[in-house]
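Labels run A, B, C and D following the written order; every chain starts at residue 1.
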Amino acid sequence: MSFTEEEILIEVPFFDLDPMNVVWHGNYVKYTEIARCKLLEKIGYSYPEMIKDGYVYPIAKMDMKFIKSATLSQKLLIKASLEEYEPSLRIKYIITDENGEVIFKASTMQICVDAITGKSIYEAPEGLKEGLKCLSI
Amino acid sequence: MSFTEEEILIEVPFFDLDPMNVVWHGNYVKYTEIARCKLLEKIGYSYPEMIKDGYVYPIAKMDMKFIKSATLSQKLLIKASLEEYEPSLRIKYIITDENGEVIFKASTMQICVDAITGKSIYEAPEGLKEGLKCLSI
Amino acid sequence: MSFTEEEILIEVPFFDLDPMNVVWHGNYVKYTEIARCKLLEKIGYSYPEMIKDGYVYPIAKMDMKFIKSATLSQKLLIKASLEEYEPSLRIKYIITDENGEVIFKASTMQICVDAITGKSIYEAPEGLKEGLKCLSI
Amino acid sequence: MSFTEEEILIEVPFFDLDPMNVVWHGNYVKYTEIARCKLLEKIGYSYPEMIKDGYVYPIAKMDMKFIKSATLSQKLLIKASLEEYEPSLRIKYIITDENGEVIFKASTMQICVDAITGKSIYEAPEGLKEGLKCLSI
């Protein structure tokens, strides 16, 4: 049960491949970021809104599980689900291939930080909470 | 207690920075890979030796903890320690800054795979075990 | 006047931005590659077909002009046009923003190389020429 | 004849390789940036000094020639030479391999821009000119 979720489709580009002809594992961090940004856009609390409110949301933890490899031009579905927003932002990711097979799983934990003082904030910004309220109506 | 370890020094390049003027979190995957490759070189069982023996060693799991940020031209020390080599290759990473402060921790788990059959192999290749034996003498 | 062309739309991701909050110049190489791959797909002579025929098509020259910067979430249109296919593959690129303003121009020159001998080939592979013939009918 | 030059050594990392097992062409942009940053550091007018003075120095043009490919663990020497600093910053790059063979050439042109007004400035900042004067003594 997640608060809200978002899906995006990407097509594996040539420059993401390694000498084994599969996506280099570090590139999955990019795929999760694209999906996370879309999820935050849906909530209405993206990077520009955070900055405007004086917050940054650095990644504090990230866990990844690589289940199957992917190769050139494969169409991958990346689903990001918001699991928690207080005291930290927890998002889960699942990537599936064209056959619906799960090829990758990950989770990230982000902590809200005051951009001026550098202090951690354990209550979610108003803008984030309001965005979530609007989605749940 | 690790079997063996290796350290490398990197200097944060401009292109690794994000709009917050700090290293984008996904770039730490590159830093761990540079240290892991040096560790495997020290053991004498790098990517070319694996390929020659018919093995690949894909990353199956990776966990990262981002403790402090790093910025342009900082000199970072990346230590990779081999924790286990059978049934899987487990390596731990610690990154420290110029003051010796830990800014990042990670661990990876790799499984040896037969390059032809695609089957997992839970015994380490002879080349890897011999390399480790030589180091321990 | 180009033989054929193709367009793709990309949305600038966070990880492509630099500390000036604009796309780091090196990332435009990726944007041109995505468009070039789509152009070659349209012709029916992509990377897998080349490899199957025993050819590789390395980039020998690339010129880039950076006219305006782009930032987070901007939608960019990348047009790739085939200008020449013998003795070398010459492709031109133009990137425009949402207002139709040109923000980037580039050109690449690729030489067909025999994957076994490593020798340059100045006549286009049959598969490429046939693909172009089909498009022109 | 260049005003000043600087050299750096890099070792090709695994993550810079493409499915042909050679450095993906776009990664050479990173190599040139590392050398350019070192050259500007030598002059004493790097990114932090520019920002402090209220200037940015975006890349306006970049030309690249890919002569030979490079692969895993090769040690490459990247030389950056300052050819001109007014009205624009022009730097040339040559990459040679362990045998001294030239594998890549490039040139960049950067224009000094006022960070507040966004206007181009065709006279080099005082800090840059003084740094060059110190080097020539």
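Here is the rule we use: a residue touches a chain if its C-beta (ideal position, glycine included) is under 8 Å from a C-beta of that chain, and two chains touch if they have at least 3 such contacts.
As the structure is a prediction and not an experimental result, all values here were calculated from the model.
Asks: Of all the other chains, whose mean CA position lies farthest from chain B?
Replies: C
Asks: What whole-number Å value describes the gap between the mean CA coordinates of chain A and chain D?
Replies: Roughly 34 Å separates the two chain centres.
Asks: Report, in whole Å, the distance between the mean C-alpha point of chain A and the mean C-alpha point of chain C.
Replies: Roughly 29 Å, centre to centre.
Asks: Please tell me the distance, in whole Å, between the geometric centres of chain C and chain D computed from their C-alpha atoms.
Replies: 24
Asks: Mark out which residues of chain B touch at least two other chains, giving numbers and ranges.
Replies: Residue numbers touching two or more other chains: 14-15, 19, 26, 29-30, 33, 47, 72.
Asks: If each chain is a node and each touching pair an edge, is that a line, ring, star, complete or other?
Replies: complete
Asks: Please give the residue numbers of chain B that touch chain D in the complex, ascending.
Replies: 13-15, 29-30, 33-34, 37, 41, 46-48, 72-73
Asks: Which stretch or stretches of chain A touch chain D in the complex?
Replies: By the definition above, chain A touches chain D via 14-15, 17-19, 21, 24, 26, 72.
Asks: Along chain C, where are the residues that touch chain D in the complex?
Replies: My answer: residues 19-20, 22, 25-26, 29-30, 33, 47, 56, 58-66, 69.
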